[in-house]
Every structure is written in structure tokens, then in C-alpha cells.
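Note that chain A is present in both complexes that follow, paired respectively with chain B and with chain C.
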Partner chain A sequence: MSTPAPNHPPVNRRQFFRDGARLAAMTGLGAFLGVAATRSRASQNTVWQIDPSKCVYCGQCATACVLKPSAVKCVQSYEICGYCDLCTGYFVPQPNSLDTGAENQVCPTAAIERKFIEDPYFEYNIDENRCIGCAKCVEGCTRFGNGSFYLQVRHDRCLNCNECSIARVCAGDAFHRVPASEPYVIKTTAHE
Partner chain B sequence: MSLRRFGIAAFALLAPLWNGGLALAEQRFPPPEFETGYKMPAITTPAPRGLAMEYVDVAVLVTALGVAAWLVHRKRSRRGLIVLSLFSLVYFGFYRKGCICPIGAPQNVAYGLFNPDYAIPVTALAFFLVPLLFSLFSGRTFCSGVCPHGALQDLVLIKPVKVPLWLEQGLSIVPYIFLGAGVLFAATGAGFVICRFDPFIPLFRMTGSFFILCLAGGFLLTSLFVGRPFCRFLCPYGALLRLGSLVSKWRVRITPDYCTQCRLCEQSCPFGAIREPLVATANPAALAPDRRRLGWLLLLLPVLIAVGAWGGSKLSVPASRLHPTVALAEKYLDPKKPAPTPGSATPETLALTRADENAEAILTTAAAVRRKFDVGGWWFGGWVGLVVGLRLVSLSTRTARADFEPDRGSCYACGRCYLACPNERVRVGLLSPAEAAGLNANRAASRVAASART
Partner chain C sequence: MKPHRRRAGFSRRDFLRAGGAVLAGAAVTRTGQAADSRKPNPWAYDVSGFEKTDPKLVRYRELRRFKSPHRDARRLALGPDGRVWIAAGNYVCAIDPAGNSVAEIAFAVPARCVAVANDGAVIVGLRDHLEVFDAQGKRQAAWDSPGKRTWFSGLAATETAVFAADSGSRAVLHYDRSGKLVGRIGEKNKDRDIPGFVLPSPYLDVVLHPDGLLRVNNAGRHQVQAFTVSGDLEASWGKPTMAIDGFCGCCNPVALAVLPDGRCVTCEKGLPRVKVYSLHGDFDCVVAGVESFSENAQTSKGDQAGDGVKASLDAAADAKGHIYVLDTVTSEVRVMAPKATA
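Here is the complex of A and B:
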């Protein structure tokens, strides 16, 4: 119980030191709070995000994330997309034929949907449940196409780890903390 | 179909660029003008977890700490603490996936203090400070029923083995060293090592690398037989809470009344935290050798700090390699680095290409980080020396106590000892006073018999 045992005097020397130390510790914590709260120039909570202009498609987003499959997914910027029949993000170089055959696809998990819109245009959508964030399609689209495929951390999946395990190994140094109010880096122009 | 042929031709034309890394700054294929009234789908941007939810986390933390303090000091209920542990395990562990937790929060604070561009999240600051503030009043109530790591280890403990005192005392400095390392690496921006090597987060997430899952399994297996191995021998935040609870206002009191010296509480504690009575010696002269040793150790303390600081400064160069930019800069300057081979770009060669393109920026950053480590190494080494020295000093001091009492720093306030105490059982009505008296007489008799045998 919180009451001292009866055979102890109300305040002894040890008790006095302990009270003093507690007071000092509380003052210290308060001062610490003051310093920590005023020191930072930034003022917002942050989340992890990829800068598409720095991404070098090294493929580690698929392997280094603590989540399996990764919280990094390919996203499609439709306004940049050329809707090409021969999509270099969808097809391997020199495909046998331009159809949805697995041997023709760059994507190892067939996560890209190819949908006919009108001659000769095709729409490409990412099925995020299948996408593993390997960036193979991103490389194909960025090198030869408009660069409408790019990787983003999807915040409905990301655990926002204190230290992002992909950021630690990212070959392009493309991972950064961004303000939580603007959690995505959306591409609006080709090859920015 | 001519367009398709054009596409293939364009593909063949561009194929040599596959490894060139050339990105033309224009739209190569102009966006189509659709004639069928096709509407482009919108890009979805699922929002991150809202800030309001993080305040809910802080509110849950404060409430749980309050409940734990009440259960430990007022209600004196082990059963209540088990229920609270289960709640914390589910909420902070399996629901929040152990992030953010106070164990890693010192790193956020250190990183924020040394990198003004990083805003310490309000939640991280609250998770760092609130349990410490509670420890100043109610001891390690955070460990007792709020920490998901502690809860997990406490709930799986089935057959506690007593850790030899020398091992316990020796290993108990590891948390302080780990804390120092965590702060060093966070302050220099090299990474959050406490989070990286946290053995229980992968269990909450049910996923992780092979190494970390092995570590998790090892710790979980150990905690079946050794009470709270992570809390006792590794947890850096527990090290801070230990300091806080040394001066706490209220402490765990085993007996509600008087101590019968039956040792039942000592046996019930799986963490070896209960200290036996120590009567002050009547003859002060007998303490002279101890006093002399204490004096020598106090003189040794500055020496240990100096030696530690010197040793730490020697470690700063290898330690700085944990920083990704320093590691890249070293690899870049290494004459034996792998040559970029066309066609097989590995993450390593891609990073080296980046280093080649921004050599100056990367080398400048790496040099700045290394300077930080040069200073940090001294501090870290000095800290290790101080921790070792103070441990030696504390081993040479004696605290007179009349009863069996939990050690303020080592007690996790788990509540196991309460119902082990016959007087407490009388208080809650599980034992009549007459039965308790008989029990004590029996135990006293057997103790006399045991001492007579030896």
C-alpha cells in the first residue's frame, strides 16, 4: 500500500533524496519536452514516400519491405500514358505476339490488366493485390515509354515503420519522409 | 495494324537505350484523343492513418498506464494485470503492430534533436515522456501491463528458471549500452537500430526477414523459461524506466501488514527482483573493507569513463559504416569496386552509378556524418564507461531493509508476489488469520530444521 510502514519515520534522509531526485527528474522531463517541441523547424507528422524522379528500378521495394507482399505498388498516371498497343511496361522486349500471354508479359505476377478501349488504344491498370512492387514495368515504361508507371508507397498498406527498411537499402536514395498531409508524389508530366 | 508495326520498329530502334539510362524529357507517345467518349480512371490515393487515430493511441496509453498503476498499487490484482496485459498485447501489439512504441521512441527524440528538419511526431514524444513520468510516481507500471513486449513475455512464462545473480547483474548493463547505441545511431542519422533488432515486432506483424524471425523465435522460446529476457537484458526503454522507478513515489509493497519472513514472495518472483532483509551491522568497523572498496571504485569511475571514451572514439569509423551514405561513399572510393556491367544492373551497381553522378555531394555528406560519429563515439564510449562504473559502485553499496522488498529498479510490478504473501491472503479473505499463523509456525520450524541440518 502507499502508506509507509509504521516503524519508519515519516521522512528519513533517503526519502528526502528520493523526493528531490523525483522533482529534478520531473523538471528535466519538462525542460526536455520544451526543447524537443521547439527545436524542430518542421511541424508535421511524416510518412514514407518514393520520389519517382530518383527511382532507379533496382527491385528492392519488392524484397526489402517488412510486408510480404510489399506496401510499394506500381501506380498508373493515366494522363501521361500513351495507351500504346505495344506497351513497353507490359510486354517484354520482342514479344512473340501482342497479347496477354504470360510469356509476353514483363510483370512476373500478371498484375497489369490490358483492356482494349478503341483502335489502337489500350488501357493498362494495376491490380494492387497482385503487384509486388518489383518495378520491372516501371523500368520498361520509363526507359522507352512515357513513364506513366511509377512506384508509390500505398498508405492503406504501409505500416509507416519508424525506420523504413526499404529506405535503408534504396539504391537511388529515393525514399524520404514526406508530410502526412501530402502523402503521395503524383507524376503529372512525363519524365519529370 | 501499320501502327503496331511502327510500334515494333520504334521498340527495335530504342532497344539499344535499354541500358543507357537515357530519359527524354518529353512525352514520347502523345496522349491519344479518344473518339468513343472514354473517360480516364482517377488515380486513387488511399490516405495514411489519420492524426486523430494517433491521439487515440496516446489516450489509450495514458488510460492503460493509469489502470495499471491502480491495479498495482490500489487493487493489488495480478488477475487484473493479466487482463490488462492481454488488452495491451492485442491493441499495441497485434492491432498497432508495435509501432509506435516507447521502446523505439528515444531514437525519434534523438533524431529530432540533432536533425531540425525532422519533426518529432507528437505521438512519439508522448510515448517517450508519459511512461517515464508515470515511472516517477508508480514505478514500472508501463512494463507491468501496458508494454506489448512485456505482456507477451510475461504471458508465455511457464517455468521460470532462476538466473544466477552474477549473470543478472552483468547483463543488466546491456540495456544501457543498447540505449546509448540507439541514441548514437539515431542522432547521426545512421538508422534506428533499436527498431531494426526488435525481436517481437515481427511476431506482431507475422512477417519479417529470416534473421529477425529466428531472433524472435529465440526470444520467445527463452521467455518460456527465463522471465522477460528482453525486458531484463536488452530493453533500452526499460533502462530509463528503471532509473525513473528508483525514485518513484509509490513502490510495490508485498505485504499489506507486516513481513513474516516466510520467503514465499521471493520464490514467487520469476525475475529475481525481491531482495532479502539486510540488517545494518552493529559493528561499523566490520564495514571498513567495503568502504575502502567503494572509495576505490568511485576513484575508478572517471578512469573508466576516460578509457571508455577513448575506446568509443576508436569504434567511430566502423560504426559510421552503418550509415547508408557512408557505406556507399566507401564502396565508391574502393578501387576494387565492381565495374558496371551492361545488362545486369544490381542494386549495388545502380547505387554506385548514382555515387558516380553525384560524387561530390555524397562524399561531402559522408564526411559530415563521419565527423558526427567522431564526436558521438567519444560520448558513447564515455557512457559505456559510466554505466560499467556505476554498476560496480552499486554492487558495493548496501541498503539496510527490514523486510523482503522488491528492488525498486528491477520490479516489473507484475503482481505475482501479492497473493504469495500469507498476510495478503488474510487481507483478501483467502486465508483465516489462524491458518496463516499455523503456516508461519510450520515454515519457521522447517527453516530452523533446515539451518540445523546445514
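Here is the complex of A and C:
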């Protein structure tokens, strides 16, 4: 005994258009949600960072950050550093003597440590807990030396605000978003 | 009577009023941001007091200036025929006294320094080796690289010898004209009482002095040192200071030249200035102060596009006592003459 074929009512033109419109609407909604989700993920996967080649040492990093002290810190590229006795990133322009006296230091918070290596070389290290990101040392080092001091947003401190308050006022337009997987700009070359 | 139907939407006047308010708000916000970015920097590294030169100390005036045919000029040299040779970018080019480009040699890599011997031979320093050309720019020889760390940054040449300042190995290499390495000058040697070169950046330079000695800049020690061609250190002079009579910053002078009467011309970076010192190292006068190199100074400060680290000067002197100053930021050569004879 054979099973009778199901009795499907015929689809009229109105139904066809209604179903087509529903399908198109659902597809569009799906695409929209997909794009929105991707974009949201993309913005979560980027962080703020400073391009050292654009930094003009304007001092805004120290004052404009919502954090006090700022999430921007000076970092040292040991590969570039000249280990100078007379370090213009460490000493004021005309120091009384080349020693660690507070009056001789360019850093307003004494955040740079000067350590003797061998005559006439000295190593300079940044104490990030003291650094306020003012870039005074960066200007001294870059103007006269190799530019081994430079500013970076430290991501163990930065809140990664949607609209960075330093980026809004940065005089060199040096703030930009970088992939969170490569959150730092590592300076390795002073002279090509 | 039919009641007057009131419109639910904005009238044109309301729309313009609201739009104006929004635009005014945006303008105020932007002005505030701009004002923030123009605030004086309380942490500026202030050397403005050293950027002004006492006019009484400036005893040279500019005769003329001309542009290098290529950008990224690094060093210059004067030939016996009065031509100016400039190492700029991947080229070395010759400029005649009228300022016309008359010869050009192209390289695959940047040319870092150049010297011209009295017989017209042109020696070019690339980063790791030297090449020799005749006066027409025809390649005669390419010498082997002396080592992996080599970074040639200055040259001097005679009819029998070439002295190559190698910033990478912190020595002046003494070659004969066939390319054979004869000796190494200036390396740290306690037995010979030579302290060694301190070079935070690759600006070692060497010039031949009429007294038969070499003059070499020991930038990290803020000194000019005199060596015999056999490598004995005969004299040193210079002191670190931002003041006009010394050498500023961490590492200066960056280039040297010698006048016919034996006085030494020094070039500095950071505070771009060119000065003259006596035979014994006493400050004599200023050729051109910071005011003369405003673009170079702005680049050093970071106020202008460009890499401040590469902003420097070079100089060469001719038999008349004119000083040719090369600004590496503008790639311009200025010809300076003593004021009395200009």
C-alpha cells in the first residue's frame, strides 16, 4: 500500500514576497550583528601607544592623563644608549659637576638612576614608580645624544580609555592605536 | 471653524538655532584642545640662553650658499681644483665654484664620507669599506672591509696615504694608497698613554694639519686630539660646556677642518655652531652661531619634522681661509669668509 503524497497548498505571490522579505531582513540583521561584533572585538584588541618619531616632548603626557602619575613613562633603549658620562638626559644643560647631586639632575622627580660601569661609561635606568612622563630627559637625550630615552604608554597602568585624554591634546599627534599583541614601539636604531 | 493645526516638527528657525549651538559648542571644545596643546611646557629642556651668540664673537660672514644636488648630505671635502665634493644620500657629487653640479658617482648604499687627495683622487667612505675614484669619477679600486664593526664617518687623504675615521671600531685607520692597512691610530693603549675614543654616535672625523699631525675629534671626551701618523698622542684640548668656548652636549665636536694658518674649525650638533680655535686650543671666534642654522636647531629640538639625532654639521676650509659649512638638515653648503676680507 502506498503512502499518499502530502497535500502542500500552493504558494501565492503575496506569500512568496512576504517570505522573501523576511529572509532578506534576517540575513541583513545577521550581517549587521556580525560586523558589529567584529568591530567591537577589533577595538578591544588595540591599545594606545606613542610613536617616538612624532613625539615633540610637549609635556602633556605628564598632565593630561586621567591617572596621576601618568601611565606614560620614559623608557631606555640600552641598545642605542651611548652610556655617556655627561648624559644630557640625566644632567641639566650646565651642571655644576657630573655627580648625582639633585641640582645637577634634569629629572624633576629624580627618576633616573646613574650607575658607573667602567671609565668613562655610565648606565642610566628609569625608576617607573617615580617617572611622571614629562619628557624633559627625552628632549635632552634626543637633542644632544642618541635618543635612547623615549616615552611609551605602560599597559600595566593605562586604562585604555576609548578617548585618550593625552591623545586629544598631543602636540605632535604621536598617539595612535596599535594591536594589543604588539603594544610597544621598540626603538632600536639611532643612526641608520 | 477648523482649529489651526500646530506642526509637531522643528521649524527652520529652531533647526538653525540648535545647529548653531552645536557648532559653537564644538568650536569651543576644539579651541580648548588647541589651547591645551599650546600651553607652555613647564618641563622644557631649556637651552635658549645658549642659542644666542654674542655678535662681537662672530667674525665671519656668508659669501654665498648652494644646495647639495641630493638630500641626506653627510660630509663634504674640497678638491685641489676648487670643486666641492659632497657625500649625500647614495651619491657623491662634485660642485664647481659657481655652484654647478659637474660630476656624480652613484652607489647602492649611502656614501658616508669623502676626501680628495692633492693628485685629484677621490676617496669615498661607505659604511664598511672605501672606494677610490679618479677626478672624473671613474672607479679605480674598492678596498676590503677591515671588519664587521666598521662604520666609516670621516676621511683625509694625501698622495701617499689615506686616513679613515672608523666610528665602529673607534680608531683611525691608516692606509697606503694601494689600500694596504698600515696602522691603527687612537685606540685605547695604556702603555702609550692613549685614553681611546669615546663615541656615543658615529661622528669620528680626521683632518690633516699643516704641522704634519692629524687632528681627530674625541667627541665623548669633548676634545680635539693631535696624533702623529704613527699613532702617538701629542696633544689634547677642549672642555665640555654649553658656553661658547667649549663643546656642548654629550658628544661634540662632530666635525673638524683646518685653516691654512693652522687654526682648527669645529662643528657641533645639538646647538649647531661652527667655531675657530687657535693652534693650542684657545677659543678664537665664531664662524656661524645657532641663529644661522635655525632649521637644524628646530629639528634637533623636535619642533620640526625630521630626525633630530641625524642633525649635524660638517666643514672644510680652502687655501684662502674660506670655510665651507654643510648643514645636514637642509643639505646646504654655506661659504663663509672672514669679515675683514669679505
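The criterion applied here is as follows: the second predicted complex is superposed on the first by the 148 of 192 C-alpha atoms of A that agree within 3 Å, B and C clash if a C-alpha of one lies under 4 Å from a C-alpha of the other, contacts with A are read in each partner's own complex, and residues count from 1 in each chain.
We adopt the following convention: a contact is a pair of C-beta atoms (placed from the backbone, for glycine too) under 8 Å apart; a residue touches a chain by one contact, two chains touch by 3 or more.
From a predicted model like this one, the values you see are computed outputs, not experimental measurements.
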item	value
First (chain B), second (chain C), both or neither touched by A:T88	both
First (chain B), second (chain C), both or neither touched by A:V169	both
Touching partner for A:P108 - first (chain B), second (chain C), both, neither	second
Chain B versus chain C as contact partner of A:C161, first or second or both or neither	first
Greater chain A contact set [chain C / chain B]	B
Contacts of A:A25 with chain B and chain C, given as first, second, both or neither	first
Chain B versus chain C as contact partner of A:K136, first or second or both or neither	second
First, second, both or neither for A:I126, with chain B first and chain C second	neither
Touching both chain C and chain B, counted on chain A across the two superposed complexes	56, 58-60, 81-86, 88, 93-94, 120, 142-147, 168-169, 171-172, 190-191
Complex contacts: residues of chain B adjacent to chain A	3-4, 7-8, 10-12, 14-15, 17-18, 21-32, 34-36, 38, 40-41, 43, 45-49, 51, 54, 73-74, 97, 99-100, 104, 107-109, 112-113, 116-123, 125, 129, 132-133, 136-137, 191-192, 195-196, 202, 205, 207-208, 244, 246-250, 253, 256, 258, 324-325, 345-348, 350-351, 353-354, 402-403
In the complex with chain A, residue positions of chain C that touch it	33, 36-39, 41-47, 50, 110, 198-202, 220-222, 240-243, 248-252, 269-270, 300-303, 307-310
Residues on chain A engaged by chain C in the complex (per definition of touch)	53, 55-60, 62, 64, 81-88, 93-94, 106, 108, 120, 134-136, 139-140, 142-147, 168-172, 190-192
Contact set on chain A toward chain B in their complex	1-2, 5, 7, 18-19, 21-22, 25-26, 29, 32-33, 35-37, 39-47, 56, 58-60, 66-68, 75-86, 88, 93-94, 98, 117-118, 120-121, 123, 125, 142-147, 154-156, 158-163, 165, 168-169, 171-173, 177, 180, 183-184, 186, 189-191
